[in-house]
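Got some structures for you, see below.
Both complexes shown next keep chain A, but they swap its partner, so chain B is in the first and chain C is in the second.
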Partner chain A sequence: MSNDMEIKDKPSVVKEKNTDEAVEAGLAKLTPERIKNTINQVLQKETGPRFKAYVETCMHCGLCAEACLYFLSNDRDPSYSPAGKVKQTIWEMLDKKGEVSIEFLRRAVHIAHTECNVCKRCSMYCPFGIDIAYLMLMVRRICHKLEITPLYIQDTVNSHSATMNQMWVKEDEWIDTLQWQEEDAREEFEDLRIPLDKEGADIMYSVIAPEPKFQAGLLYQAATIMHAAGISWTMPSSPGWDNSNMAMFTGDNEISGRIARAFYETAARLKVKKIVMGECGHAFRSTYDVGNRWIGWAMPPFEVVHALEFYHELLTSGRITIAEKFKKTVTLHDPCNVSRGRGLHDMAREVTNMLCESFIDMTPNREHNFCCGAGGGVINCGPPYKGERMINNKFKAEQLKATGAEVLIAPCHNCHSGLEDIVHHYDLNMEVKFLGDIIYETMEKKIYKPGD
Partner chain B sequence: MEENKSFDWSTDLKEVPVREWEDRFTWVEEPYVSPDGETIASIVNVEEGVFTVCENGETWDKEYDKAWNLRPLPDGKFAACVSSDEEWTLSISGNEWENWFDFIWNLQVNQDGSSLSLAVQKDMEYGMAVNDKPWDQMYENINEMVLSDTGSSAAVVQVTSMVQADIEVFKNGIFSCAVNGKAIDKKFLNIWDISFDSAGKNVAYGVRLDRTKYSIAVNDTAWDKQFQSVWKPLFISGDESVIAPVKEGGKWMLYKDGQPFWNKRYNQIWHLVVSQKTGNIAAIASDKFGKWTIAENDVTWNMAADQMISDLVYSKDGSTLVAVLKDKGFWTLAVNQKKWNLGADKVFTPCVSSDGNIVSVVIERQGQYFLVVNNIVIPNGYDFMATPVISPDNTKILQKAVKDGVYQRLILSMDKIL
Partner chain C sequence: MNAFIDFIMGPMVWIAFLIFILGLIFKLVIIIKDVNDRESYIYSYLTLKHSLRSIFAWLIPFFPQSTKQSPVFYSISYIFHLLLFIVPIFLMSHIVLVNEAFQVSWVALDDGLADILTLVVIIALVFFAIRRYTVPEVKYLTSYKDYILILIIALPFITGFLAYHQFFLYKAMVIAHVISGEIMLILIPFSRFSHMIVAPLTRAYMGSEFGNVRHAKDW
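For the complex of A and B:
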């Protein structure tokens, strides 16, 4: 990257590492006995051959370092390299047979929760495909059992456990929000509905809790798109509507599985054919890969498609037509969980090109794209860590700036929020949008009739 | 069901034209059919912001600003959540409850229809209302509402306030189980899956005691034993005992009253059902990762589904156990271990005769609904179908279907089908 692309006047490396009251309160309660027993229980009883192979195969060659946003954003400090993170956590835990200090654990929580997006980019650069993300999640599992998980992400898991959604959205609030969006959208289509609990609809549409909480307009847009496309769809009025899963990122596998069960049993209760999820990456990973498997579903029991696959289908089948393409120059951020995780990157480009006149790709891209820096629960650790996160995302900011695009499309909620932070912090002067925003802006507001 | 006896089993065909409703109203929502098949109803939009319900072409006397959650009741009437002037209540065929609320949801109806319950919110306080009677005590939040067959209500309620992201307060337990509005004097970190006993007096539920310890509680007392996770418990043996799937040492087992009950260890077991007649206990289970089956009295069926088993039901006499499952991309049923070959995109709620000899279900294939009886798919496709009813003497079946804009209540003779 050339020098003029570099971002000036911002701290260049993380100097102060923060902690929070939940981590500190948890650490204060720990005894050497509990630390040792918990670490050994997790490392001996909850890991399989895969874990052993990873730990034994690593050659400390450092090839993975170049892959990691944190390493690149912090002046190539080896403590931020993927193998460096393992060295400072799992290796020492194994080495010391679980007899590690409070100071060590304070650092381990910090690394596993705020210095790794579990984005799996490094696995592609490791000659042995060692899955560092998996090892970091193992550290988080230990932190969960020791009750030293960072405050804000723990609160979202608490919310999941009590309400089956991430943001303490009350059951009436959820339904009321949908009905309010439905009513507003009737300004555009007089007979538009957000059909609740419609048994036998073809599609269950599911979103993450920030939508009803803060971004109700996205529900409006989705309803408009569904209505115009003439889709047989429904949304559940009951818990099970939120497809997000922060428990997957704190190592609370039991709650993570409970969330996945509620989600799929809701689809079963509504007797739908498939599930369409909003633009969220980690939710896709949870329902498609992690949560379902913990429960015993080798594959998701329902066909689950990410919004961008669904949009692709609507646009190519002519169910949605574009009145006039989006004019501003756009670039596209590939969310790891749907790109590296699911291979939807080409489809994302096709959708972008169908919607926008001028698309500039970022480099690197597709499955090689860098994480937004927010994912894997990092942004969910909240305000105490935001300053560091911004520094850790410096390299991502440079990548974005180099595109010169006016609009940054991010088809993932986490990415979207994280990228907005980056754009503001580094004054990138870009607008961050979902694909749904652009479809809504550019589509013809007419109802699809077969044969048209 | 005994009440099926009073249904009209002798008139072969009754029809209600429904397409014309679309001309009368701005829009017509999805239809619901009464258990006896005599009435078809939909929420309809009369004009901007004006809703009512149309039953067999007749609208309710009342119109509302909003209406949703239309459901048929066992007595042939219909209930819907309705709103006027930003207040909500339940309307039963146009007759409203006396109590109005700021919001209502989660309509539940007990088996004989004598009790109807709602979750209610008024002035940001939460509770339930049964047959128009709100709980005496209201709470900060409510989840996991249940209604017993005797008309008792219970839910998880928040009994301690918590400011945003206060994980210390959460840790001390802020939830209790409230029965008929009265919170049991015992708080837990989490409470899920409340079950009533058959008398509607005692409750059992899953609890989380701290970050990693789970147990089962009966009324105010948790089992001594703690587990890695638990699923919904169930009262058995005339309410004497409580059983529940629990996870221990990485595997799932069935426990009874805090002690191991079944011997086998499963990858997964959940969704317990018990036959009141025989006392047999069955559960959806997985022996091998990714393979689903049924465990009955700790013996697994010689059958596997590779995607999901979503429902499980005993015939009244306990002789027949029916599972709804998805295998190799399609939905079907399994009846007493034998998988049917329905290849359906959707399978709806099965109807099982009291003696277990007849199992009927509605399925959807490529957008068309079909009636299935004992694994025979009746070839006529429909645009919509409601759950069928089998006559008490097993000789007839009541099909409720819509085709080409006409609702048909059709009595099919079993000997012509089988």
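For the complex of A and C:
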């Protein structure tokens, strides 16, 4: 990183990038033959006319560049433009028929895993609608098969594989955490329950593993909202409770499919009417859009509802009433996976306005919002890449700052964590909150009595 | 030599048109067959409504966000693509040739206007070439092949323009015009010019994913 000046003069020169021990150990084991066979296997056998159309139709017009947070944050360095990333990965793999170097692969892992959030914003700026995120995910698939996936995210996948949750949460720890939160919440709401394995409940509520691991307060809040609204709900005690899916982002499609299957089978076992998910974007993408496809369902076999939609329903139906609106000025970050991924952005604004007195929108917004810079598994690649991530999120920081809001609402876990990092790094002096935090703060703390 | 020129000016024109049309049909058939064989899931998501919604949204000038952010490029690109079809199809001397062969004709552009529009096409291509060379994010993606593509489109227009004005080497210019036109037509199905039919398909698929699954706009 000592040659900063040089980088400015020659924007297309490959910068020295961070790596980590898993990537390096994996690269050390590769043989030219394995590299070639793996790349050709994935690109020839695991893709089809769609991939072919994307690489053969791109006119190299560069219009996608304008869409990308990385390009804009790095002073318009073309190596960060979406098509630029495809050029440095897929095009060269195709050109060389898979005979690429170790150095090339080190760069390819870095690009696909830490310089693209697979947010699909660029697809909205490509006149042909080329799905560049899909191409980056193909690169990750190749990296997975070559066993050169970055360490931290690979660890979460290993955890998924062994425990069916992302954070090595043991089964008894999970149940214990829920009971602990239930006990605490009963001091505020007598008779509150976090019903485990309640067959035939209306709703299965599911969260991501970081909640029991280190954000147990979110389980508390969710339980109080369910209680105050008088919802018939349950949480599963068995594996399948975690809806997160990092394997989806490492190209480990097999494990990704197993996770989604365990999730839906759990809901089926509990015979619930619908699934409500916590405020997480990628988990929603997994269950609503990706995991279901891998196991052969065009659309999810259950009604799957993101927290945002659920809150909207609770607030508009009057099951939750707001005692006093939130006073501070708020802005709203549209997470890719629920706005561009599910069109919930207008609902998010309605919910925010129902909860808060003063809402300032950020620009651009809705489908066109910039990614938080953390999603798509980027933040999950961990500390080795955090410094770069902060540089790559500069443009996002400017977008946030321009709102002048005191509170930043981020209804997604990855966004929430990534935006916290941005706020601290760039001294933005904003408080990052989930919608659930604000509902909990502002709602009428009704004690639900059966029959109400 | 004369036999060669007769061939170029006669049968080869029809051969070029046949390759152009059959090539595109062949390309389309291959894509559909490939989709059926390997990616039939695409049909689970493809809807006519959302495909057309997306395609039309992207045909409206300055409607998609991207077009608003790069107005100069899109303006030139819109005009270029329209003229690419309008000028050759409605050119008087082309219509005369078709009329000789098939006894059909249609309304023609005024020759003076067609002349100006030809210049517009050439200027647009020069703009594309300069943009390729000067805009960093475009230059980064550009290889010599991209300039060749520009040249392939430019040549029929340049030679046509020169032949019309009879500045010099009139006969050679007409021959060059015909040859370059034939090359352009023949290459369309086998090069990235095939975006002529592939781009609506990729657009339709992305439009369907956005409209049907994601419930969001893709423009």
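To be clear about the criterion, the second predicted complex is superposed on the first by the 430 of 452 C-alpha atoms of A that agree within 3 Å, B and C clash if a C-alpha of one lies under 4 Å from a C-alpha of the other, contacts with A are read in each partner's own complex, and residues count from 1 in each chain.
Just so we're on the same page, contacts are C-beta pairs under 8 Å (C-beta built on N, C-alpha and C of every residue); 3 or more make two chains touch, one makes a residue touch a chain.
Only a predicted model underlies this, so the values are computations on that prediction, with no experimental measurement involved.
Trainee: Under the stated touch criterion, which partner chain does A:A83 make contact with: chain B (first), chain C (second), both, or neither?
Mentor: A:A83: touches chain C, not chain B.
Trainee: Which partner chains sit in contact with A:E92 here, chain B, chain C, both or neither? Use first/second/both/neither.
Mentor: In the superposition, A:E92 contacts neither chain B nor chain C.
Trainee: Touching A:D289 in the superposition: chain B (first), chain C (second), both, neither?
Mentor: Only chain C; A:D289 stays clear of chain B.
Trainee: Between chain B and chain C, whom does A:E188 touch in the aligned arrangement: first, second, both, or neither?
Mentor: neither
Trainee: Who does A:M124 touch here: chain B (first), chain C (second), both, or neither?
Mentor: After superposing on A, A:M124 lies in contact with chain C but is clear of chain B.
Trainee: Looking at A:E367, would you say it contacts chain B, chain C, both, or neither? Reply first, second, both or neither.
Mentor: Touch status of A:E367: second partner only.
Trainee: Have a look at where A:E265 lands relative to chain B and chain C in the superposition and call it first, second, both or neither.
Mentor: first
Trainee: On the A-aligned overlay, A:G62 touches which partner chain: chain B = first, chain C = second, or both, or neither?
Mentor: second
Trainee: If we overlay the two complexes on their shared chain A, which of chain B and chain C does A:E313 touch? Say first, second, both or neither.
Mentor: A:E313 sits against neither chain B nor chain C.
Trainee: Show me the chain A residues, by the header's touch rule, that chain B contacts in one structure and chain C contacts in the other.
Mentor: 298-299
Trainee: Which residues of chain B touch chain A in the complex?
Mentor: Contact set of chain B toward chain A: 26-27, 29-30, 45, 48, 66, 68-69, 102-103, 105-106, 119, 121, 126, 141-143, 156, 164-168, 170, 175, 189-190, 192, 208, 211-212, 214, 228-229, 247, 250, 267-268, 270, 286, 289-290, 292, 306-308, 310-311, 326, 345-348, 364.
Trainee: For chain A, which residues are in contact with chain B within the complex?
Mentor: 22, 25, 45, 144-145, 147, 151-152, 154-155, 158, 161-163, 170-172, 175-176, 179, 186, 190-191, 193, 195-200, 237-239, 252, 254, 257-258, 261, 264-265, 268, 271-273, 295-299, 301-302
Trainee: Which part of chain C faces chain A closely enough to touch in the complex?
Mentor: The touching residues are 31, 34-35, 37-39, 41-42, 44-45, 54, 58, 64-66, 69-70, 73, 135-142, 146, 192, 194-195, 198-199, 201-203, 205-207, 209, 213-219.
Trainee: Which positions of chain A touch chain C when the two form their complex?
Mentor: Contact set of chain A toward chain C: 11-12, 48-50, 52-54, 56-63, 65-67, 71, 76, 78-79, 81, 83-84, 87, 123-131, 289, 293, 298-299, 339-343, 345, 364, 367-368.
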